[in-house]
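Shared chain: subunit A. Partners: subunit B in the first complex, subunit C in the second.
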Partner chain A sequence: MTTPTAPDAMYRNDEGLGIWEHRGKVAAVGVGHAPTARRWDGRPETCVGAITIDALRKAIADAGVAPDQIDGLVVVPVTTTGAFWEAGKSLPMDVIQSFNQTDDPLDGIAKLSAEWLLANMPELTNVQFTMYGPGCMSNALNVTAQAVGDGLTHTCLVVKSWHNFEGRYYQGGANAGNALPGTPAITQLWGGPASYSTALQFAEYCRKYGKHHDMMAPFMENSRRNGLRFPEGYWAQHRPEELGPEDYLASRWIAKPANLFDNDIPIMMSGAYLFSTAERAQDMQQKPVYILNHASSNTRPRSLVPTLDEVEADTARTGRKIYEGAGITAEDLSFENMYDGFSLFHQFHLEGLGYRGIKFGEALDFYQTDISIDGPNPVSPSGGNVGSGRSRVWMHTDCIQQLQGRAGARQVTGVKPEVGVSGGPMPLGGNYTVWSASPD
Partner chain B sequence: MAKQGVEPDELTQPFWDAANEQRLVIQNCVDCDRLQHPPSATCRDCDDGGNLEWKQVSGRGRIYNYGVVHDCPVRLLQEDQPFNLAVIMLDDDPGVQMYSHLPGVPVDDVPVGAAVEVMFEPSANGQLVPEWRVIDG
Partner chain C sequence: MTILISFDIDGTLEVGDPPGPLTMDMVRLVRDKDFLIGSCSDRTLSSQRALWADHEIEVDFVVGKHMLPDVKAQFEADVYLHIGDREDLDRQYALKAGFDFLWPDEAVAHPHFQPER
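Up next, the complex of A and B:
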């Protein structure tokens, strides 16, 4: 079996597509997360393949589905946080030999194929449909929702995992060398860190609207607080530390105005869900959460970094696509879980959605009001990557758990959880899902 | 600041050759009359890939925006931390951007909107690299 990459036609990129044809007919039921770690410790049982199997098995058990009922698997094949297996470094044969292998010895260690997973999960005897949704869980969710809706699979697992190795983030490879090839040199010679482009967009935003980086502090505090109530997350599991304004504002700059905490922490993690048709979901162990729409943006900036104008045009367009396909308006959102890793662009997503009626330039003021899970305007109840480490998965898990009423200490209390939205990553480009407690 | 050297590849050879002659050239699509940077094998706006050439530009621009890099992933630049990293918009087409360390401008004291002109600095292997300096007016 060769696993294809999802065709572009599976994503809903355009405005004017109308209500999603499978609105309310696809449901998420099971959730599974493997324990997180800061870095891989080199053991077979903690490699990215092993934690993926763990997350998948938990999602299956959570849904209460027999493994032989599962007929689909959607995988994000790229697992790197920016850490790569260095060329010439000897292969960890003990780890490789602990699993059934594919033709790439680093499969399950520094990448993930559907074939590797199926070879190491013998209980999945009836998987007929496999597909890659490259990039993030957000992509893979769009693909899974569309695949189930289109009838390509009726009970489908979807998984995203991350590996993180020893060594400093992005400091190896070309960045350590004395020369660069001509094409990457045009963008990389100047040495901007990963958060640089977002920092620039934020700087332009602050100049245009008269805002300041200090105004991020309540958002950061709220996100970490929510993250500490996310038992599946990195900070809750390993470093249960609040992030008050003093700690946040005193932290060192990475690319000013982005500081250390504005950059999410790379971790080992795996998160998985079990999707099915709304009909089949009725007989499963958890309350179904219905997909009202999925929407995407493939917009690219004109040149090196997106301008604020480009960002605002695209987030507004994304908001319209999200609402149009779901047949809802901003007023229908109980909460939002848009992406936050980097924290300095969460406000772009909020403003594009018009969440609680906020307009361009107003989100940082909104952060100064009650944005907690107990108030009427919850912002990022998942806590996102700020609250639980880099995964781009927490926001989706939280939407499902909130709408199932099993978000535990994170459960929103100031609003009735009926409809949520999640997705990202960057304001320009991204993939989004609208979730609902009811199919209509 | 000592930038990494450059080993021009097929796509970018004309850009780097021109830089060594202290000229700034930018990819231009003849069919849709539009500059594009970073360069690419095809025009991003023409469905049929367009018709790309390298066009010499004025070498004038404005500082559009900047950040201050305190934690740089590139080893050679780390000794110069913190440093300015600005984005220049070209006067020839203000949608087209180039990076600059703004040599001579104090860290985090960047005159956003100021006029700049291109200059060329040697990188680690001698390849000249376009940089930008603030000019009056």
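Up next, the complex of A and C:
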């Protein structure tokens, strides 16, 4: 079996598509997370393949489903954006030989294929459908929801994992060379840090609306506080450190006005979910969380860096798509878990949604109000990447757990958790999911 | 002679992530020699303070990586030394701020960290 990448037809990129045809007929049930680590320690049992198997098995057990009932697997094959196996570096043969292998020796170490996972999870005897959702869990969730809705699979696992090696993030691989073909030569090789484009947009945002970077501090403090209540996350597991205003504002600039903590910390992690039809989900171990819609943005900027005008136009368009397909309005959102890694673009997502009625230029003022899980306007109750490390997964796990009523110390109390939204990554170019405690 | 030592944490001190070669007893040794000491790290200021408090070591300063010039302006010393494990974030910052610099393994063998006879 060769696993295909999801075709464009599986995504809802356009406005005017109406209510999603599978609204309320697909559900997330099981959640599984592997332990996190700052970097891979070189052992077979902690490589990205091993932690992925761990997360998948936990999701299966959490849902209370027999492995032979699972007929689908959606995988994000890329497991890093900036930690690459150095060319010429010797292969860790002891690790490679600890697993059933594919043709690629770095499968399970620096990347993941569906074939590698199936070869190493013999209990998955009935998987007939496999597909890749590129990039992020946000993408893979869209693919999974559509696949279950379309009847391509009825009980489907979806997984996203991250590896992190020693050395500086984004400094290795092709970025360590002297030449790159095409646009990456400008954006990666000779360009600024990864947060540079977001920093430019944020700087223009501050100029346009008369705001300043210090106004981010309450959001950062709130996000880390929520993250420290996320037992699956890096900061909660390894370094239970709060991020108060003094801590945040004293940090050095990476790409001014993006400082160190506006950039998420790269980690090893894996998160997995079990999706099924709403009908089958009724008999599973956890409360089903229904998918009301998925929506995507495939907008391309006119130049290398999207302008603030382009960002605002596209986040507004994304908001309209999210609501249209789900058949809801902003007023129906109990909470939001839009992406935050880089933290300085969370407010773009928030304003595009019109969360709690805020308009463009108002999010930083909104951050100065009660945005905690105990108040009426919870912002990023997951804590996101700020709260738990670089994964692009926490926001989705939190939506499921909030709506199942098992978010623990992170459970929102200021509102009744009925509908949530999550997704990202970038304001231009992302995938979003609307989650609901009920199918209606 | 007044000597000021700035310690990076991760990759430098034994309690760092990753652990470094400088033990907390070595830090206590220079503390007992009346050196001015503190940490200069990308860790938050509050977590640096907590780390020192957990090990019951009184320090004179905790700062971010970019704040060595502030340390130099705040404290009068004859020798300013930063110890760290990174070329870009330790050595370059230190030299630019007018500090001497030692790699952690060099520091372990340095007379500063040997008991006085």
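By our rule, the second predicted complex is superposed on the first by the 420 of 440 C-alpha atoms of A that agree within 3 Å, B and C clash if a C-alpha of one lies under 4 Å from a C-alpha of the other, contacts with A are read in each partner's own complex, and residues count from 1 in each chain.
Operating definition for what follows: a residue touches a chain if its C-beta (ideal position, glycine included) is under 8 Å from a C-beta of that chain, and two chains touch if they have at least 3 such contacts.
Computed from a prediction, not measured in an experiment: that's the story for all the values here.
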{"item": "Touched partner set for A:R252, first subunit B, second subunit C, both or neither", "value": "both"}
{"item": "Touching partner for A:I267 - first (subunit B), second (subunit C), both, neither", "value": "neither"}
{"item": "First (subunit B), second (subunit C), both or neither touched by A:A281", "value": "neither"}
{"item": "Touching partner for A:R38 - first (subunit B), second (subunit C), both, neither", "value": "second"}
{"item": "Which of subunit B and subunit C A:L73 touches, first, second, both or neither", "value": "neither"}
{"item": "Subunit A residues touched - subunit C or subunit B, whichever exceeds", "value": "B"}
{"item": "First (subunit B), second (subunit C), both or neither touched by A:L243", "value": "second"}
{"item": "On subunit A, positions contacted by subunit B and by subunit C", "value": "252-253"}
{"item": "Contact set on subunit B toward subunit A in their complex", "value": "3-9, 11-13, 15-16, 36-39, 44, 64-77, 82, 85, 87, 95-101, 108, 112, 123-125, 129"}
{"item": "Residue ranges of subunit C in contact with subunit A within the complex", "value": "17-18, 42-47, 50, 63-67"}
{"item": "Subunit C-facing residues of subunit A, complex", "value": "38-39, 238-239, 241-244, 246-248, 250-253, 260-261"}
{"item": "Footprint of subunit B on subunit A - complex, ascending", "value": "169-171, 175-183, 185-194, 196, 199-200, 203-204, 207, 252-258, 300, 302-305, 307"}
